[in-house]
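Next come two complexes built around subunit A: one with subunit B, the other with subunit C.
== the complex of A and B ==
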């Protein structure tokens, strides 16, 4: 990835701000952030068809 | 085949929402159930042979054959059932539904439910009550005696009261019951109460001995699930209205026979997708445990198919005393179902969710995509015929049905 067009200032700014983190999937990442005092919103996300390749390819044929 | 699946699904959901199930009569199965012959025995769930039937289903078949004077005892009934002379068919193939074993035979009285919007009808036997009953596989002389009383006294008396009252709007009763703590599948106390209230003024005016009328009242009052056999055909004629829409992935039938669980999809015609029925997880009555349980059985999952039952659990928190879990779980089950349905019901609403409509019209594509299976709560039958209900709980249907249905759907409609 090229860093040429990245706004480094904005990225640095993130580290000094209060963040609300949306955690998708594994709860352990959210737990860790909470332990450190972070604000976390858990989202019950899982890959389509649970990651099953056959089912995923079927869904793709329906444009999903 | 190029179709607009979303449009087809909206049409399927719309038909379910526009349906208006109304109780129009009580009659005899042989007179009104399409295609029923004297040697036909209807049963719950997808097609199943005598050889593959589970214990409770076999017991109910034996009872049905004895009731119809086709056999004198268990041995004769079993021989006849195995002979090939009896035609076994799913209730669903005859516009009918039946709870647990769901056996329907010629002389049994049935509720006649009509979908006033689309004109289709559905039929269901009257609920026998609790304990040792035919639907749990009991076939003793006492069971047969009660069935004969239901045909000879209960049904004619209720039928006359119904005729004097006029047709009963079941959609309205269900809607009220859902706002009184029922969900229409496993908790029907409010619905039963509303139904008794509806007919009471007409029952007391009938020209019948008071003892007979009193027995009818006591019978209904003593069975909190009496309304189930009304909510089921109401849901059947609702869900059937969504059948046969080209390109729709909405599920219009879910049913189990104690051996297999099966589904049917609107855009795939009358084809069943089946897999072995699963075990119910729940609470057991004193003296019973999971070792005693039969696999999931009954057509009552038609309630979930039409957007009530487990899908309306958020409005029936007291049900957790029966099926296990917490009121929070009941809330979560309903909320998860919004992920796999096409619409929110515009009549069946849940007060605890700010009167949000129940999740209605299950989309098999969404079920597979999200991995969220329909939430079903149900009774648990003893695996041996004739013992009765041993508990109640929650059951996850087998994933395979939905996977196979998706594969067939893609075969027909996919790129």
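== the complex of A and C ==
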């Protein structure tokens, strides 16, 4: 993978700003950030298409 | 007696469910309890352990399954009552904590358009899709999930590189961004040392050693363990280094990884040289590194995790680094070794390293392999020394108990140390064991009292050795800081009160164990 002309401005910009986090998955990670005084939006994530594999792969193919 | 309950459309995350299961198991008379979502793997596991029934056959990954085996009806009822109580407590907690929790990423981004990073820890099969969406939405990503294919990782990192975004992971357990610990991380002070690491507990150990030396962290970027493979080419490591180059807070850069392919290693070193900042590299176990660290211009090579921290702090303070093995004076180490071997019987000759942190196990294994060889492990690269049965130790053994082999359907031993307590029970019956080597990882995500959880087992193991006419030595280290949720000093004292010798780092604990084995009863 070529990384010769790396563009990292957005990363250095992140380092100079407040961290604002979306947490998708294990709730304990959102709790951690809250304890550390961080801003975090915990999601109520669920498996796509209610966990229905066939429907999920169909949606994936449709690009949704 | 068995009872299985399936609750439709009721999704909870795996860590929460494992905690419920362990609470239900504590109800007296309960023999087995599984609380999980109805994924294919989970339903298969349930069938295997005797919970097969028509209800679970129809369950989807969005359905909650509670399965309990107990000695009688009344106990079953008590167990389900306990589970119901815990779930309803969670519901109340959720409802009172936040107004609305978005289900989709699109909604989350609308609710918080200023968000700049996402932590993704959904099951592996869904992780790629969600991480890709997040990158497309302009978010830096920390992908905690594992079971993401190498092909998917390459695609995610290519997209991240194109967009100039961080793509930490997959399987990235630790990072500290802008002073905020993410996932499994310690509360370290802020300072001038920036790190990029392809190793979670390696990053924890180095940042904690830096903190112990009175210095701090600017940023600690995790890349996931496969980043330096030739196929991925160190994409995120190289981007991380470049970002730290441009970060005015970062004065010294530290890189930690298992030894990469030569071409990748060369790229990493070149990129570090180009930063113009002093740098430290620790390629875990790479031949040539070690106490005779060699310097290539601006880049110093460290021989172990603690040394990486020591070198970085020396560079930050503008002084030269003095290599040393032990913090204690050599005479004191000798005295300790003699004290520990004095009571051993002639039968006692083997080491048993029981680790919860993967890189800490690696570090110990590499040291013992180099010094005495023939160490069995579940993480051995030599096929002839792979443990035939990972559940049973053989001669000198070092196990990484966080390996998938041990954690199928069970929480990682850093979250719940039961796996290690069970293993300690087995080791204490083996009269040939001379030394136990243990880690104890503190910080967010970790168990609230890991030292307390294993203390009784250590005491019992020592008593059993004594009853057999021997003496069991136990060397340990605690990876943590004064600011961690768990009280660092108290954790150390708990281990010491059980008769452990607590060393200042994992490397020193492993070195002490090595000295004891070399001097010990059986040799």
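Keep this in mind: the second predicted complex is superposed on the first by the 42 of 64 C-alpha atoms of A that agree within 3 Å, B and C clash if a C-alpha of one lies under 4 Å from a C-alpha of the other, contacts with A are read in each partner's own complex, and residues count from 1 in each chain.
Please note the rule applied: a contact is a pair of C-beta atoms (placed from the backbone, for glycine too) under 8 Å apart; a residue touches a chain by one contact, two chains touch by 3 or more.
Computed from a predicted model, the values in this text were never measured in an experiment.
Once the two complexes are laid over each other on the shared chain, residue contacts for A:46 go to subunit B and to subunit C alike. Between subunit B and subunit C, more residues of subunit A are touched by C. Of the two partner chains, subunit C is the only one that A:11 touches; subunit B does not reach it.
Of the two partner chains placed by the overlay, only subunit C lies in contact with A:29; subunit B stays clear of it.
Of the residues of subunit A, those at positions 46, 48, 50 touch subunit B in one of the two structures and subunit C in the other.
Those residues of subunit B that touch subunit A in the shared complex are 5, 365, 368-371, 403, 406-407, 409-410, 413-415. By the touch criterion stated above, subunit C contacts subunit A in their complex at residues 9, 11, 13-16, 37-39, 60-63, 98, 101-103, 105, 108-109, 111-112, 114-123, 126, 129-130, 134, 139-140, 144-145, 154, 157-158, 161, 163-166, 177-178, 180-183, 187, 218-219, 232-235, 238-240, 242-243, 246-247, 249, 267, 444-445, 485.
Partner subunit C is touched in their complex by these residues of subunit A: 1, 3, 6-12, 14-15, 17-30, 32-33, 35-36, 38, 41-48, 50-52, 60. Within the complex formed with subunit B, the residues of subunit A that make contact are 46, 48-50, 55, 58-59, 61-64.
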